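In the two complexes below, chain A is the common chain; its partner is chain B in one and chain C in the other.
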Partner chain A sequence: MEIGPIFRALLRNKLGALLIALQIAFTMTVIINAVFIINERNRLMARPSGLDESNLFHITVIGFGDDYNEEIVAADDLAMLRQTPGIVDATVINAIPVSGGGSSTGVRLINDETSPSTGTAIYRLDEHGLNTLNLDLIAGENFTATDMRLRYESGPTEADKAVVTRALVESLFDGMAPADVLGEVMYMPGGDVVQIVGVVDRLQAPWPTSQLVERSMLVPENYIDSFSRYMIRTEPGQRDRMMAEVERMLVERGQDRVVRDMEAMEVTRANTYRVDSALTTILRVVVATLIVINCMGIVGLAVFSINRRKKQIGTRRALGATRPEILRYFLLENLFITIAGVALGAVLTIALSIVLTTNFNMPTMAWYYTPLGALLLILVGQLSALGPSARAAGTEPAIATRSV
Partner chain B sequence: MLEMIDICKVYRTDLVQTHALRDFSLSVQEGEFVTITGPSGCGKTTFLNIAGLLETYTSGSYQLDGVEVSQLNDFKRARLRNEKIGFIFQSFNLMPDLNLFDNVDVPLRYRGLKASERKPLIEKALESVGLAGRMKHLPSQLSGGQQQRVAIARALVGSPRFLLADEPTGNLDSNTARGVMELLQEINELGTTIVMVTHDQELARESRRNIHILDGQIHEENGRGEMSSSASAVA
Partner chain C sequence: MFFYYLRLAALSYRRNPILSSLMVLAVAVGIAAYMIVFTLNYTMGGDPIPHKSSQLFAVQLDNWDPNTDSDPPQQLTYTDAMALQQAGRAWRQTASSKFSGIVEPDNPELRPFMFIGRGAYADFFPMFDVPFQYGSGWSADADANLEQVTVLSRDLNERLFGGANSVGETITMDGTQWQVIGVLDRWDPVPKFYDVNNGPFDSGEELYIPWGHVVARELPRSGNTNCWTAIGGSGFQAFLNSECVWIQYWVELRDANEEAEYLDFINGYVQEQKTLGRFGRPLNNALYDVNEWLLKEEVLPDETSILSMLAAMLLAVCLLNTIGLLLAKFLGKSAEIGARQALGAHKGSLFIQHMIEAGFIGLLGGLLGLLLAHYGLEGVKILLGNELMMTDWIQLNVPIVITTIALAIVSTVIAGLYPIWRACNINPAIHLKTQ
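Up next, the complex of A and B:
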């Protein structure tokens, strides 16, 4: 090995090497943090909502005119929907999970408005809600039709029963098993009492990126305000057909209302995560572009520095260097430059990661990102240098005496 | 030591064929100092490159130290160059980015010696050319004559049996050239076979054997050394 001389010769031609090392450091800093952001977004996007998303869709009915009676209309609509072949179940619901819009509230275990409350999403739906959403009930039981409360703008009547998610149980009742919290009561803002009758495994809040995540509660209520939203679950594979049919049926049922905003849950999810998917796509392009530019820089420097030293290479060959030894020389030279870049890059990567964590509410990057990124860049560097180095190795020894 | 029989070298380009060497036969014995002269383009460097295994030849036979070299692959030729041949070039061909020590070290690096084995060899070689005190200098900090001495130290450091020099004094003024020539003569007296291409008729005349090439063929051979030895044999 000729580590010493290669290194000393490199120090005498710092500028090119330094620029490439800086480029490598910059590339490493950006790509590692970008890959981390991509992975983090993908992880967030991949979290299950708890719903049977591929077979769900929702639709909104808005009544107008003084004669419009939502209470009757909704009951008729739902009865009809539930009887329709191809539909598994349907419910009224105030907010669509994952959609980005809904209600939240704060609940307490003691009736004291000054004590801290626990935030939770609140879904208002009927006794068919659990089955429609296909939630996994892990303790207790579902509501019954008699638990249902209709709330009017004039005189609200709050439901007194709730099904909560496991995540909400964990935040409220430190270390208690879901089965042990059945019958416990929670205090709503204003002092209303709600008793926990069941626990479901998982149901995301309407804002999947919020702090609430899976803290949700379901209550058997329907606001009577001329505005009804139905969530409908179909038999597997029937969704698209049923969407067309349901829209037609609802439209045909009366002239005193509009039917709108029909959307499959999968579309709702795609819309909610549109910015995130766009971001990850952009970051992927950035990462790929930077790697390509990085490769071109390395190839460019290698070609330039090899062409400049053609006669030296010929002389080395004349003095007894074999082709593999010339190849090794230039790969080692590239390795030194890359290692210098990667060392600086590691510092910058961690610095940027700290900035992102502290300023943009990002989680901390796992320790292995930096060494893996460094390894990748060293590999990319060696691969980039391989072509030019192989060409250098092919230099004829006669160059030593031929060119001046 | 060196035995060439009917060597031909043809350079082919798209337009022309150049017969750089034609039926070139030459035998050099161990310990000889042979100078090669001839007009520019007559084939001196071509001969030297073939002799030094830097180039292959088109036809003929060449044995170096009893080994037929046409059969050797690139790897073996490189190894043979490293072990048996020292090169001295007209423009010195030092590595500008390496100090004198590292420059002289270059051929030893390809020989797989340990640092502790190489160091005394390098120091001795630099000492023998009078530059032991400048090991940390860069070539650019030396005069032309000094640079050529470094190149000679580099050629000698691996103790090759055979030294090939292509116009080693071509870039030097006549005084410096003389010094380099004397150094080569000393080296030859210590037993190293030298073949040297030169433009300088005066230097050529000093050698024991001079070969004049014209148009790729040996035109004339002056064997002063041969003659004196045969004369002494007669006497």
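Up next, the complex of A and C:
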């Protein structure tokens, strides 16, 4: 092996090697951290909301004028929607899951306002809510039409029954099974009592990035304030057709209201995660760009350093070195430089990762990112060096005897 | 001489087109990435009202839950906002809040539509230097007498009156008639500093009315409302009396003296409220000027800060690349340099010649980088979409263009210093011998 000579030759061109090593180190730092951020955001975006998102859409109706009676209008609207072929079910709802806007509250198991409360999202909907959202009821039962409360003024919750998510059960009742918490009561702010009648497997809060995540409760209640939001589930594949039809039907039902904000759940989700998906796209472009630039740099400098040593290569060939031996020489040279770069890169990668975790509320990077990234860069380095090295290996021995 | 060296640089580019183009591309990519992130940071983290940002203050009163150590609220309760407004102790002051309403156009062809409005006091317009296209804001009397006057945004005026001077016209909103007294010119401060907790990059409201109407007419609130304790009772009055915060409160104070006096005043007010059993926490009131407020509220998203770090490293990689390629290029010209030296060229003039050559590459890289940055920003706009937040401000402007070109040239020349120094220290004899 010609490790010794390769090292000594490298020392004669320290700067060229140093430049490539530094480039590799920085590239590795950016790429590994960027890939980690991409994976992390993708993980957040992939968390299920618990809804049948592909068949759901929502629409808002706002009444105005003194003659507007939301109670009657909403009941008529919902009855009409539920009868429409193509629609599975519809409910009134105060907030759209995953949308970024909604209502939250704090609940307690003891009636003491000074004790810490457990934060939860609160959805106000009717007895068709569970079926419309297509939630998976794992214990207890849904509320019935008689549980439904209408509220005419802002103030405490009037409903006295609730369906809660498994995640809320887990944070409220340490280690109890969902079936065992049925009938238990929760205290709302102000001391109102709400009884748990059912538990659903999963339903995200309107703010998927908040600490609440899947802590949600559903109460049978509608706030009569001239502002109604309907969530509608259609038969599979019927959503787009039904959206157009529902909007037309609701608009045709009267001049004294505004129909707006109709949106498929899939669009709502995409909008909520817009910044995250923009970030991952930008980072993918950054990673690809860096790899290309890096290859360019390695190829450029390899070609240069090989051209400068054409004569020496010719001499070695004349003295009996085979083509594979020349090829191996330059690949090994590249490997040494890359390993030096990757070693520095590993330190920088971990440093940047620590900076990101401490400043930006990001989880710690898994251990395998750094070695995998290092391997990738070594591979990229070898592939980039392959072309120039093969050309070097093709040098004719006769070159040695010619002067430049 | 400068133009001669420039011509030499162009000639040298043509002699090594691939190597030179690689350099230009590396500079362009690095600069473009950096400038895209810089533009985002520059605007999102910029001062939205530079000429008076140090005289406008957000008021913080800490009425929050004494049983937790959560941050103080970003807004004020009705009780406190009204107390401060009535005391009128600042040079200018305004409570304001967002509401939603429905406009019923007189034109029967237009269907009624919903808008987002803002209730504010008369001082709102002069305080924030809001530009008017027609008319003006209202007077303090209009606030006191709850006159039914309104100021429209440029867009709403476009929609209702086709952009004509609508001052003196009336519109129907919330079931009653309002007289238009002013129309704003385009006004979209970025960040929307006067209401950052309802979306710092949202566009401005479409219609403004004297704030008193928001309460008197019980208009639906459209901004964020936060409560730490249950509302005592039901109904609107109970809500008004509660510890819920939902009102943005700003004051204009002309100097440090006024600032100190105002802080004393609000501290005195809170001490007085403590005797009534409110404000259970230790005294924690503050005045934040615009820039302090934007920092405290962390308006700049984490994403742009993360991207800044990565973009700086990407630029570093590109410049390292450029150093390497310049080294290759200049050392490849050893023979030519040797010849020029033998013909009597000074090291100094060789140095200048190569500086110009590096600068020439930087200039080309900068120009290409601008193009890439322009398309990159358009791409960012598409990725963010314009229906969720305002993205009109995402664009290159003159200072950014100048910075880009300057940064490209300077960084390429700096990257070129070592290669240039090596090139100028070539021993001419060696290279002349082998010719």
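Here, the second predicted complex is superposed on the first by the 399 of 404 C-alpha atoms of A that agree within 3 Å, B and C clash if a C-alpha of one lies under 4 Å from a C-alpha of the other, contacts with A are read in each partner's own complex, and residues count from 1 in each chain.
Here, a residue touches a chain if its C-beta (ideal position, glycine included) is under 8 Å from a C-beta of that chain, and two chains touch if they have at least 3 such contacts.
Note that the coordinates shown come from a computational prediction; the quantities given were computed from them, not determined experimentally.
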| item | value |
| --- | --- |
| Fit-or-clash call for chain B and chain C when the two complexes are aligned on chain A | fit |
| Chain B versus chain C as contact partner of A:R323, first or second or both or neither | first |
| Inter-centroid angle chain B-chain A-chain C after superposition on A [Cα, multiple of 10°] | 90 |
| Which superposed partner A:A390 touches (first chain B, second chain C, both, neither) | neither |
| Partner chain(s) touched by A:R402 [first = chain B, second = chain C, both, neither] | first |
| Touched partner set for A:R260, first chain B, second chain C, both or neither | second |
| First (chain B), second (chain C), both or neither touched by A:I62 | second |
| Partner, of chain C and chain B, that touches more residues belonging to chain A | C |
| Partner chain(s) touched by A:Q23 [first = chain B, second = chain C, both, neither] | second |
| Touching partner for A:K311 - first (chain B), second (chain C), both, neither | first |
| Shortest CA-CA distance between chain B and chain C [superposed frame, angstrom] | 11 |
| Those residues of chain A which chain B touches in one complex and chain C touches in the other | 404 |
| Touching residues on chain A, where the partner in the complex is chain B | 2, 4-5, 8-9, 12-13, 311-312, 315-325, 396-398, 400-402, 404 |
| In the complex, chain B residues that touch chain A | 45, 48-49, 52-55, 74-75, 78-79, 81-83, 87, 89-91, 93, 95-99, 102, 105-107, 109-111, 154, 158, 166 |
| Chain C residues touching chain A - in the complex, by the definition given at the top | 19, 22, 25-26, 29-30, 33, 67-68, 102, 104, 111-114, 174-175, 220, 227, 229-236, 238-239, 301-303, 305-307, 309-311, 313-314, 316-318, 320-321, 323-325, 327-328, 331-332, 380, 383-385, 387-388, 418, 434 |
| Chain C-touching residues of chain A, taken from the complex the two chains share | 15-16, 19-20, 22-23, 26-27, 29-30, 33-34, 37, 62, 64-66, 113-114, 116, 153-156, 188-191, 225, 227, 255, 258, 260, 271, 274-275, 277-279, 281-283, 286, 289-290, 293-294, 296-297, 300-301, 303-304, 307-308, 352, 355-356, 359-361, 403-404 |
